[in-house]
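These notes open a run of structures that come right after.
Below, subunit A partners subunit B and then partners subunit C, in two separate complexes.
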Partner chain A sequence: MTFLRRLTRWETGLLVMIGIVLAVGSATSPGLLSTYNLQTIAINNSVLACLAFGVAPVIIAADIDISVASTLALCGVFMAKLWGGGMDIWLAALLAVGLGGVLGLINGVFVVLLDLPALAVTLGTMGAYTGVAFLILKGAAIVDFPTGLLNLGSGTIAGTQIELSTVVVVGLLLVLTFVVHVSPYGRALFAVGANRQAALFSGVAVTRTRLIAFVIAGMFAALAAVFYLGNYDTAQANIASDQLLPAITAVILGGVSAYGGTGTIPGVALAVILLALLQSALGLAGVSGQAQTIAVGALLIFAIGSGAAIQALPGLGRIARRRVPDSEPTASP
Partner chain B sequence: MSVSSSPSPRRSAVRALTRHNEIGLIGLIVLVTVVAEAAVPAFRASGNDTQILDNAALVMIVAVGEALVITARQIDLSVAATLGLAAYLVGSAVGHIGFAGPVVGVAMALALGAVLGFGNGILIERIRMPAIIATLATLSIYGGLQVVVTHGSQLYSSQLPNWLGNIISTSWIGLSPLVWAAIVCVVVVGLIARFTRWGRDIYAIGSNPEAASYLGLRTGRRTYEVFAVCGALAGLAGLLYAGQYGNVDATAGSGFELTAIAAAVIGGVSLFGGSGSPLGAALGALLLTEIENILAVLKISIFAQQTLQGTAIVVAVAGYSLLSRRLNRPVRRSLRVEAGQSRPAEPSEPVSSEPTEIAEQGT
Partner chain C sequence: MSVLRRHRWLLGLLAIVAALALAACGSSSKSSSSSSGGGGGSSSSGAGTKLFMLPKFTGIPPFTQANQGAQQMAKNWGYKLSYGGPTSASATQQVSFVNTAVSGGSKGIFLSADDPSAVTPALVRAQQRGVKVVSFDSDVLPNGRSIFVQGASADSIAQTELNMLGSQIGYSGSFAILSAQATDTNQVQWNKVLVNDLKTDPKYKNMHLVTIVNPPDDGTPSAVQYTQSLLKEHPTIKGIIAPTTVAVAAAAQVVKQQGVCSKYVVTGLGDPQQMKSFVTSGCVKQFALWSFSKEGEVAMCAMHGLLTKSITGKQGEKFTCPKIGSFTVGASGTVTAGPAVVFSKANLSAFTF
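Up next is the complex of A and B:
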C-alpha cells in the first residue's frame, strides 16, 4: 500500500512535469512532437535509460556506482574488439554483457566484501576501466558495425514508426521492474537500502543483495554499450563519459532517495523521458547544449526541494522527519 | 570510551604512525622521489621539480577544501565548476583593476567561491538534499553558468595583469608565488582544522552528526561554513588557474572535482567522515601529481596513467581501511564485551579524545 501511495505521489509529479514540458515546448516549437523528433529523442536516450536503470538498484541499496559510464566504454570497446577479431556481433554483445557483470562484481567485491566507501571505490574503478579501454584501443576507433546492430540502435520495426531500441528498452524496463518490485530479491534490496543493520538482523542476505545490485549496474551499463554502438556506430575509449551525471540525475529525479530504500524503476523511466523531452525542447528553442545543464540542475533541485516540501506538510511531517536520522548511518556518501 | 589506550607500546607506536598518516605519506613521497631520481633520467631534468610543485599547487588548494567537507561527512562535486567560473569571471575582472590588484583579485575570488559554496550549503542544510545530489546539481548549474558567461569566447593571458600572468614564471626564494599560495592555504587551513574549536567541531560533526548536535554543536551553521570555505578555496584556485594556464574557456577546470577527491582520499581523509587532515590531502595531491609526472616523463600514455590513478585510489582506500581495522581489532573486541553486540562506529579511526574535549567546552 505504501508502495502504491508513493507511486501515485512522486510519479504523478513527474507526469505533470512531463505534461508541462510538452505543452510549453510544443507551443513554442511545434516540431517537438513531430514523429521524426520523437524518434530522435527515443534513439538518443536508450543509452541514458539503460545506464539509469542499472544505477537505480545500487542507489536503492544505499550504495553508489559512478563507474557505470566507464563500464559502458570498456564493454563497448571489448565488444568492438571481439567483433573486429571476427566474432559474431551478437555473441560479442553477449560476452560484453558478461564482462559488464564482472566489472560490476569487481566494484561490489571492493565495496561490499572489503567494506569500503562506494564513492571512493567506484571513483577509482571509473579511472581504471576507462584507462583499460584506452589501452585496448590505443586511442583508435572501431566503426562500421554490421547492419543488425545498427538496426537495433537506430532502426525502426519493419512497417511501423516505432524504434526497435525503444521496444527493447521497454522490455528491459519491465524485466527490471519485476526484479525490483515483485521478486523476493527486490524486497531484500529495499530492506537493505532502508536499514542495512535491521535487514541483516532480519535474516536478509545483505552481502549478496548488494553484490547483485552492483552486478545489475554493470550488466545494464554493458547493454547501454550495445545500444551506443548501434546508434553512433563507433567504439572509442571515451564514449559516453558525459552520460554519468545525467544517469544519476535521472535516478534521483525518478524518486530514488540518495540515502537508499525508496524509489521505483518506472519513476526512473519517467525521469528519463522528462529529461529527454526537456533537452529536446530546449534544443529546439535554441538553448545551447551545455547551457541546458543549468536547466537539468535546476530541475533536480526543484524536484528534490518540492519533494521535501511535500513531505514537510503537516501530518506527513512526522514520518518524514523520523525517516531521515534512521537512514543516515547507512548512507555512504 | 577511551579507545586510545593500547595494549603494547610497540603497537601504540605503529598506531600513532598510522593515525598521523602524513608521516607515512611523506615517507612515500620521499621514496618515490628517490627511486625516480635513480631510475628515470628525465625526472632529474632541471625544472622538473618546480613543474611538479606548480602542477600540484592547484590540486592542493582544492583538495584542502574538499578535505574539510569530506571530514564533515559531506562531499562537494561542484568545486570544478566553481573553479572554472571564478577563473573566467575574476580573471577577466582583475585586468581592469589598477590599484592593489592582487589583494582585490584574491578577495574577489574568495568571495565568489564562498558565495557559490554557500549556495551548496543552502541546498544541503535548508532543503535537506544529500550533499552528493545537491553538489551534482550545482556542478551542472555552475558549469552551465560558466558556458553562459564565457559564451564561446576565451580569456587569454594577454588580458591578465602582470602579477597574475607571471605567477609561475617569477620566483620567490626558489618557489613560484603559485606554490607559496598553496603552502599558505595548506598551513592556514591545517592549523585551523587542528587547533581551533571550529576545526574540532568539523571533526565531531563528521564522526557522528547526531551526537554532535546533541552536544550542542551548531551543525547547520558549520555545514554552511565548511561549504563556503571549500568554495572559497576553489574560487582562489580558479584565479590562480587563470594565471597558471593563461587561457580560460568554458571547459576550464572540468574533472577537477574527481582529482581533488582522489587526492583527499589518497591523503587519508576518510569518506565516512571524521578523520584525516588537510595536510594529508595536500600530501595526497603532491603524491598524485608526482606519480603523474613520472608517468609522463616515462612517456607512458595518458590512458595508462588514468588506469594507474584509479588503481591507486582503490588501493589507498583499501589500504587505509584494512590497516586501521587491523590495528583496531583488539579494541573492538574489548568494546564488544562492554557494549554487547553493538558495532563500534565505523571501520575508520575511532574518535579518540575529541568528543570529551568538545563536551567540556561546549557545555
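Up next is the complex of A and C:
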C-alpha cells in the first residue's frame, strides 16, 4: 500500500488525535499525566473497553447489539447473587461469563435463525435483561465484594504502578485481535459483514459466524461486569446503563463501519483510549459531564465525516487528472 | 503480506501502552515531591487550599445550604471551596467527580454518598495521596473518610418521625415508609433504627409498618409514581413517613391532588420553604429537619482540624467551630451537628431555608 494511503489510514488519524489531546490536555491541566490520573483513567475505562471489544465483532458482521449494557447488569447481578449465596467469587464470575454467552446466543437465535432485525431484537432484550435483573434483586443492591475482586477492579500489580485491570484488558485485546484478524473465523466475519449473500454463495458458514459474534458480545459484556463489580463494589439492576452509547461510539470511532465489513480491533482500542483521555482532559479543565457528551458527539461526527472525505480523495484525484488534455489513460484507483 | 506488517497497528497500540506505562513509572518516582497541580504538597492548610464539596446530586435545598454554610466557614481560613456533583443520583458519576477533584489539586473532599460502597475505593485512593475526606449527610464506608458529620443522630430522627406520625394517628394503625434508592446510606440507617424502635419501644406497639418503598432514584417523578401505587396497593394505611425532602413533598403533592389529606397523614423530613404550601393548606401538619447550613459549617470546621492535623478522626477528639461551639468526635468518626427540629404551622415562618 502506498505511503500516502498508509498515512491516511483510520488508525493513524486516531493516533494523531490522541497525540493532540495529550499535548493540549496536559498543557491546560498538568494533572492529566500524573500517575494517579492515568491509573484513574485505566480503571474507570476497563468496563468501556470490554463492552466496545465485545460489540465490535457484531458490528463488523453488519449486525448490531444494543443489549450489551443490560447483559452486563444481568451478569453482574447473577454473579453477585451466586456469591451472596456462598459460592466462591471467581467460580461465580466464570458462571457469569457463561451466562453472558447464553444471553448473547439468545440474541443470535432471534436475529440469525429467525431472521429478525437486530436493532429491534436487541432493543427488546435490552429491556428484558434489565427487567430480569430487577426481578432478581428487587431494587436492592449487593455490595462489599471480596478483596480479590476489588483488587482486580482497582488495584495495581504488586511493586508497580500498573493497574491490574489494564493488564487483563490488554490480554483480552490480544486474544480478540487474534480471533478477528488472524484466525479463519475472523476472515469469515469480514466476509459476512462486507456482503452476506456473496459470503453465503462462497461457502462461508454465515449463520454460525453471526451467531458466534453475538456470543462474543455477550461474554465480553459479562467480563465487563466483573470489572464493574471490582471497581464500584456494587451490583444493582441498573448498573452501567450509561456505558452503552460510549461503547458503540468507541467502536464507530475506532473505524468499524456501521455497514459492516471493515474496521480493526486495535482501532477500537485506540478509540477507547482517545475517548478516555478526552473525557479526562475535559473534566480536569472544568467542562461539565453534559458538555463532555457534546464534545464526544462532535468528535464522532467529525471522524465519520473526515473518513468519508478521505475515501473520496482518490476520486477527486481522478477528476483532476482528466482535465489535462494529452494525459495517458488514467489507471483506476 | 507478512503477519507482522499486517498487524503494524497492533504494534503501534502496544507502543502507546508501553509509553504510557513508562510515563506512569517515571512520574511515580517524583509524584510525591512535586505534586502536579501547582503549589507543592508540603503545606496543605494554608490560605488558598482547594477543597471540593460533592453532594448526592445538585439542585435541592439541603445540599445548596450545606454548601453555603461551608463557604461561610471557609472564609475564616481562606480556603477555596468548589462545589459540584451529578445532576441526578449516580454513584459512578460521583466517582468521576472525586477523581477529577483530586487530579485537579484539591486537598480535601466533602461528600454525601449515593452509594457508600461504590465511591469508597476512589476515596481510599484519594486518601493515599494525602487528600482528607469528610463525609456528611450520607456516609461512605469508614475506611473511605476520616470524619462523618450528620445533621442529627439516627436515633433522634427515627424517634421524631415516629412521634410526629404517632401523635396524629393516636399511636395506633399501619403506615408505610416512602424512602429513596436502596443504597442511600442515611436512608438505610434511619429506617433500620426506626424498625428497631418499633419492635423494642412499647410506646409504638400498636403501630405497624406495612412496607418500605424504594424508588430506583431520588427524583420527584419516581417518588410521585411510587406514592400513587403505594396508596393503590395499601389503601388502609393511616399515614406515610417520607424521610427525604424530595419524597415528603411528592407524597404531600399526591395526597393533596387526590383530595385525601384527611385520610392519610403525611410526615417525614422536609425543607420548610418547599413544604410551606402543604402546611398552610393543612395537608401536612408536621415534619422535621435540621439545619443543613450548620451541617456544612461543622463539616468545614472538621476539615480544618484534619488539614491542620489537630484532629485525626479518633473517638474523643475535640474541635471548635468559630461562633458555633465545640464538638466531640463520637464512635467511628461520627460528629453530630445538632438535634432535629420539628416544623408546624406555628413555627414555620421563622425558618427561611
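In this text, the second predicted complex is superposed on the first by the 306 of 333 C-alpha atoms of A that agree within 3 Å, B and C clash if a C-alpha of one lies under 4 Å from a C-alpha of the other, contacts with A are read in each partner's own complex, and residues count from 1 in each chain.
We take it that a residue touches a chain if its C-beta (ideal position, glycine included) is under 8 Å from a C-beta of that chain, and two chains touch if they have at least 3 such contacts.
Computed from a prediction, not measured in an experiment: that's the story for all the values here.
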item	value
Superposed partners subunit B and subunit C on subunit A - clash or fit	fit
First (subunit B), second (subunit C), both or neither touched by A:Ile248	first
A:Leu113 touches, of subunit B and subunit C: first, second, both or neither?	neither
Contacts of A:Thr40 with subunit B and subunit C, given as first, second, both or neither	second
Subunit B versus subunit C as contact partner of A:Leu300, first or second or both or neither	first
Subunit B versus subunit C as contact partner of A:Ala23, first or second or both or neither	neither
Subunit B versus subunit C as contact partner of A:Gly127, first or second or both or neither	first
First (subunit B), second (subunit C), both or neither touched by A:Thr160	second
Partner chain(s) touched by A:Gly139 [first = subunit B, second = subunit C, both, neither]	both
Nearest Cα pair across subunit B and subunit C, whole Å	6
Subunit B/subunit C common contact set on subunit A	139, 290
Partner subunit A, residues of subunit B touching it in the complex	70, 73-75, 123, 127-134, 136-141, 143-145, 147-148, 209-210, 250, 258, 261-262, 265, 270-273, 301-314, 317-318, 321-322, 347
For the subunit A and subunit C complex, residues of the former touching the latter	9, 11, 15, 18, 29-40, 44, 139-141, 143-144, 150, 153-154, 160-162, 166, 170, 173, 177, 181-182, 231-234, 236, 238-240, 242, 264, 266-267, 269-270, 273, 280, 283-284, 289-290
Residues on subunit A engaged by subunit B in the complex (per definition of touch)	64, 110, 114-117, 119-121, 123-135, 138-139, 237, 245, 248-249, 252, 258-259, 288, 290-298, 300-301, 304-305, 308, 324-325, 328, 331-333
Subunit C to subunit A touching residues, read off their complex	3, 6-7, 9-10, 12-13, 16-17, 20-21, 23-25, 27-28, 31, 36-38, 86-87, 90-93, 95-96, 99-100, 102-105, 115-118, 120-122, 125, 129, 181-183, 214, 216
